[in-house]
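First comes the structure, then the notes that go with it.
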């Protein structure tokens, strides 16, 4: 770990280098931010997106509205690479703005797909930014094209815009609600019209969206860390199925869906959210530490030292050490200067087992029985390299502990999971996994242990408190596009620019 | 002049530098190219666009179709800057392709506006490239948005695509013809569907479009020079109001409009077309030389030497010299290395009257009575600098001759003319113009002299043989968007990327 | 902290952004690497320099020798930005290579100054890379110019090359030793001739240099972490005043200076070396943890939580927590995506107290008495911001602890320290410092505590075991260029490229 | 041709594309410029170098002196690409400056070799820029290295600097003259010290150097066109063997060599100088026109039209047409948008015989007997393509005329000629050459015709008026480095950056 938050595969770590633990991780698709009525709207949005950088590192975009025209700036790369430039911010005048960080699941990252997307409607302009994934987007897209719509992107967000454009209702907000009633899946949306900032969270609240406030102006964003960076105050989480409308008249709420219990994505706690964020009222850092403590209760081995896998395993390792009494040491050191790429070494060099990103801190490992603690295990390809690195550094025993249950099912709600057959836990028994990674012992946190770390006695099988389908296979919504009959319709055009 | 074709304000000359004659010129908006059924479709299109570079230097795009998917590559800059790269061509597989060179009249040149534009229709994909300008695009755009269309560009070409998408006819070609019936203005279109390459020329044939053939495959393009570069054979000009459909079955013609006499744009001869092109059956170089000869007949002064203004004035100057018997000399030398920009010199240097792009060839000017010959005069700001440069080099007398009539009216058909009040001839008498540029005498070719150079006895006032509105104010079509009531509707969004 | 090694001001952190703790740190000047006789010489050198990236991030260079010619590649930026490219490595053929990471103390970073430097001597080529600083370089440079030498760089390394070139001895190794006898200060040098790889360490061994071995080939480098990355074996530290000559015949040692006790720079332990390196036989991580333990013994306050300042304070904070029994928590979270620059926010945003790089983990801070632990304090400007951030997050008390003594004197041996009057401890009493940074209490490790952490009972005042002049003012060598009479002679030329 | 000056292979034309006449041309190596005492020294130098761009397009550099320090900016690429930037000029303060355009004969173009070169001497700084080539540079370089000099570039200009540095004379000007006495070959040098601007021309005056004046300040440069661009006045040509010293006290002359008749390079007239320059008192344009007239007198065929090969053949073609009475027409059109590279087309496209850069103006060629006029013939590879292009366009007969004698010998004085065995005229008879290029007839201007065009009755074989060795093999100086015994010593280091 390190500074305490999980290393997400970002621009700084993006390449699958020789020894990159992040190549073997889940990826989030997006972060959103919106602010209404503030004189520094675009600059605040840039800062908010910077704080949300861990949610998407491929591209970022901001749309502002200056009372007369909308202004858009979209760029591939990190927020700080482009939106730290005063000239870019100056091209985004106005007192309202929304922004988006993107991580794309497909190979093609092209500017056309970078959000927020914008449509010029009869009633005025509308910009929309989206975190999540619609599970009937392909189906809707086909119907829209039949009706004469021209789709310019392959993003499901554009489907929402077309639904709004095609709605026969006169007011934009009514068209927007109409559109929400047609879509299915997980979403946290922020939208900007000439008069309003709108936020919407899917009926189960799978993806997060919160309300903040700064200088009397309202903010919508994915995590509290985006409020902290600008000194804004947290107001409340948007409820599942709620649509909030922020205008000169303040905040108004619509609830266009029948009420049902919330079921937020458990992975925000396990992996995605920043450790200093507070999600659904709980400190993410504390929850992760408790996961480590539960894990220690369930499966602490007899060992000399707890070694976190940087950076994602640190909070759980601290909890594991606290509970087990085994000392916490930095047995693995991370190289901070691993940039966007590193060496395609010659074959000769490759065989040396080069360590570009991490190295063993031999003084803490040699001759010791060590417990490696990480937050999750996906393909396992990195874990086996780390186990080998520890053994090469002289570890006497290597015990591997994971602070979440085995990931056995793909996600369809905005998390980039590998196909099911690439998930190690979906195809291997515990013993086979242990053998694969080469550890002396292997243990995962139990599902109930996970729920205990989050403050429940156990999972409520009848009404699960979280969207935990990756562990349980219990998908919380219909999956229209994935039901076999509807082929995932690809765009007829391939475009690189 | 120089190698014989007019210097168009291109990427290499694009900046309005201190002494740039081209800053004071008309600009064309586009060139188009399409080829059907050739194994080297994209490479041929790149070469054709390179030969048409003078028609637009801001951006270029190619869309190919490989029998399964369409592929698009669009780039800001010159064709040769990007499409000479074998890797780019390799991303454009397939035996059919269309391409486009763009010169934009607005300040914003963004990739979204670069053509060909593409739409995924229910019946398959359609890519469209357009040279010209619709005079009712704004009006149509407003209606389309009311009907739920989302416009992604500010290009009038997108209007055509939406008209096609919204048409209720099942066959794409019928939808396309339906769309043509709704648009007004000047256009030469090439469109590519999964099965066909389609070309269309407006009812008056204002913008040019020709049919060529290579290795048994058909080609559509703006000028013959794009055929010459690839060794293709000229077949015929597309007729005014004709739609040609090229498919595996050969070439088929539709004529969806009532027949009327052709009225091509006279500026193709005066200025735009390359001198080695043959337009409507006439060599452009020969026509320009004859313009110079007519001009000499009308207004040859008593002088020692004919000096062409490089590069545009050369063919007319050769004709003028031939007819008048006054020797032709390169009294002005052009610097070939004026790149995309040059010096923002300090104030001290600016006052030296620096000559970045041209210089006087003093040995041919000093002590002589010279006749400067150019093809046209727009604002006159450059002409006055050239006259002064000649006087500084010791010219005894400076006579200025223009190989076309005074430009007194704006164009709305795809030529970027200044607003009327910026046109020198629209606001000054001949004597005032002479005084403004500082010449000893000034003369323009007469309108009838222009028609004589093109092989007619005179202009037929009842049925003018050409679209010559810039000289005569006689606009050949309705101008719906410019009729005062319909404000030119701007996009609600400003986007730089 | 984080992965456990001090955040050095690197390419990834280089800009003095709004809230950058690293802007307030010491900087190392260089890392060196050399390998003799290995088929992958350049690739190994690139990897070694990558592992040494913390020693210098402004530029890197490699020179290889292929038996016929030398080959050089030098680049501004990180090693991984350029030398990870197989094409660059392919331009460095040969079985011997040396490399250098540079951090420059002056504003001008130009390619001419990037090492290794190369000279074509009568007897063949010689490339030299240098970590350290000569304290009589200016004096020597003036003499060399008087003798007809032309200096192309402002680097003191070039002085060494000229001394070699001007030496009258026939053998390069004798010329090299001659040159060493004329220079004064601290240095670790690696040099490559057509036949030999040479290493040299200054008479006191101030700067580090070690010998390693891979596949029977010898390696010279600054730290053991550069051996670990390529799987090489540590052989021994080069002794103070030793010159090692590596050739086909193995390793030979010269000792051209009178013997004296070693006095290595204490800052390698305090700050510079990577925590996983072993310096002079001791684990850097362990020494830092012991510094934290000594510090806790000397000045542990009554508190609730130990918070490391990421990343540099982590090992000491772990030791402090272990010794004091106060729990260790990540109370400050570091943003991994702070790139090379970040936002020049508008004035309005700046006043929000934006936190680009770190944020408080409020759940661990609010209502608590916290102990901040860092490795060292230079100007104090960052410390005061961090204290304020902790108070804003609700800390009840903030105690600041530094794991080294007060820095009161500048360095002249290759560490970029501020001028003395910018060093907080040189101009403030302890109480004034506490007040400046706004802490409830402030304490530094004592000099003897520092020596205890490194395994001694105390500092030996008669024969200090380390170069510790920054704490004590006891400079171990003459300082000819800085003695007042010799002005630091600047180059007559300013060149940016 | 075109605007009347020869197309040199420049940044805009640099790549040997499929059909590039310039790939088959001679290349000049350099242009120099210096100004003393003017407040806009660097800006004037940038403008002067821009006007001299045809003399070298690979790189440019300027060194200024502000009374305290020298400032250098060097860049690869065109002058206008970099030195048009006000920020770059602002980094070159001071009232004196010298500059250099470089064309390198070797493959490696690296910044280290870009001139002016600078040395910090005991007596102060000295910057030197050089047009020409020393024929004993390798020999001198070897001696200097033996004496302890370190050479950083492979430029012969550095040899001059080392000779100056090693001279024992106290005054820089005496050292400079000492250095001149050791070098052999052709040179036009400008040098800048803290007090003086110095110019020097080789004993025979092979390379050109002139004196100009602006606002009472003196200027040294290669051609008059560099004076014209800034409105400066031509004063006189520097004499062969003259050293001029410009200081606050005005212009002083030294003549360190025994007097001998001047023998300037005839190629300045034939090819290199800009047509608007006046060289040795004669208008280059006029001389070239007269070469065409002499050529017509010697070998005008019975034909219908004179076609210049753009751009270099235009002035001669005008003269040829004038003398022969055969009309001049632009039968070949040049594409202005051929950029730095163009298409590596697929094999299929290549076979089409693509014409990227020139095209036939069929209307002027078809069915005609044409005379192609060019300034010179080197390898002949382009000429044969142009002849074929004319035949493809329907020419009935193609007669080829060259406005200079056959080039049969290499140059060693700063012109990049191919090895002798690549020179068509060195290895083929006239009839073989005609057959090779495929013309119906071929003729060159005679040596005496060349001298007549320059105002002499004939070549004076005893004391030739020009350096004409490429035509005659009569080399005007010793060729020490090329005498067989001294191998061209290459640098021991290969460096790309």
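The chains carry the letters A, B, C and D, assigned in the order they are written, with residues numbered from 1 in each.
One rule holds in what follows: contacts are C-beta pairs under 8 Å (C-beta built on N, C-alpha and C of every residue); 3 or more make two chains touch, one makes a residue touch a chain.
Remember, it's a predicted structure, so these values are computed and weren't measured experimentally.
A.B. asks: In this assembly, which chains make contact with chain C and also with chain D?
C.D. replies: none
A.B. asks: Report the chain whose mean Cα position is at the greatest distance from that of chain A.
C.D. replies: D
A.B. asks: As a quick test, compute the distance in whole Å between the mean CA positions of chain B and chain C.
C.D. replies: Once rounded, the distance between the two centres reads 62 Å.
A.B. asks: Give, as an integer number of Å, the spacing between the C-alpha centres of chain B and chain A.
C.D. replies: Spacing between the chain centres: roughly 50 Å.
A.B. asks: Between chain B and chain D, what is the gap in Å from one C-alpha centre to the other?
C.D. replies: From the centre of chain B to the centre of chain D is 37 Å.
A.B. asks: Among the chains present, which pairs are found to touch?
C.D. replies: So the chains that touch one another pair up as A-B, A-C, B-D, C-D.
A.B. asks: Could you list, by residue number, the parts of chain A that touch chain C in their complex?
C.D. replies: Result: residues 1-5, 7-8, 10-12, 39-40, 43-44, 46-47, 50-51, 53-54, 57, 78-81, 83-86, 89, 214, 225, 228-231, 274-276, 278, 283, 285-286, 310-311, 314-315, 318, 322, 327-330, 332-346, 348-349, 352-356, 358-364 of chain A touch chain C.
A.B. asks: Give every residue of chain C touching chain D within the complex, in rising order.
C.D. replies: 63, 69-75, 91, 111-112, 118-122, 124-125, 145-152, 161-162, 165-166, 490-497
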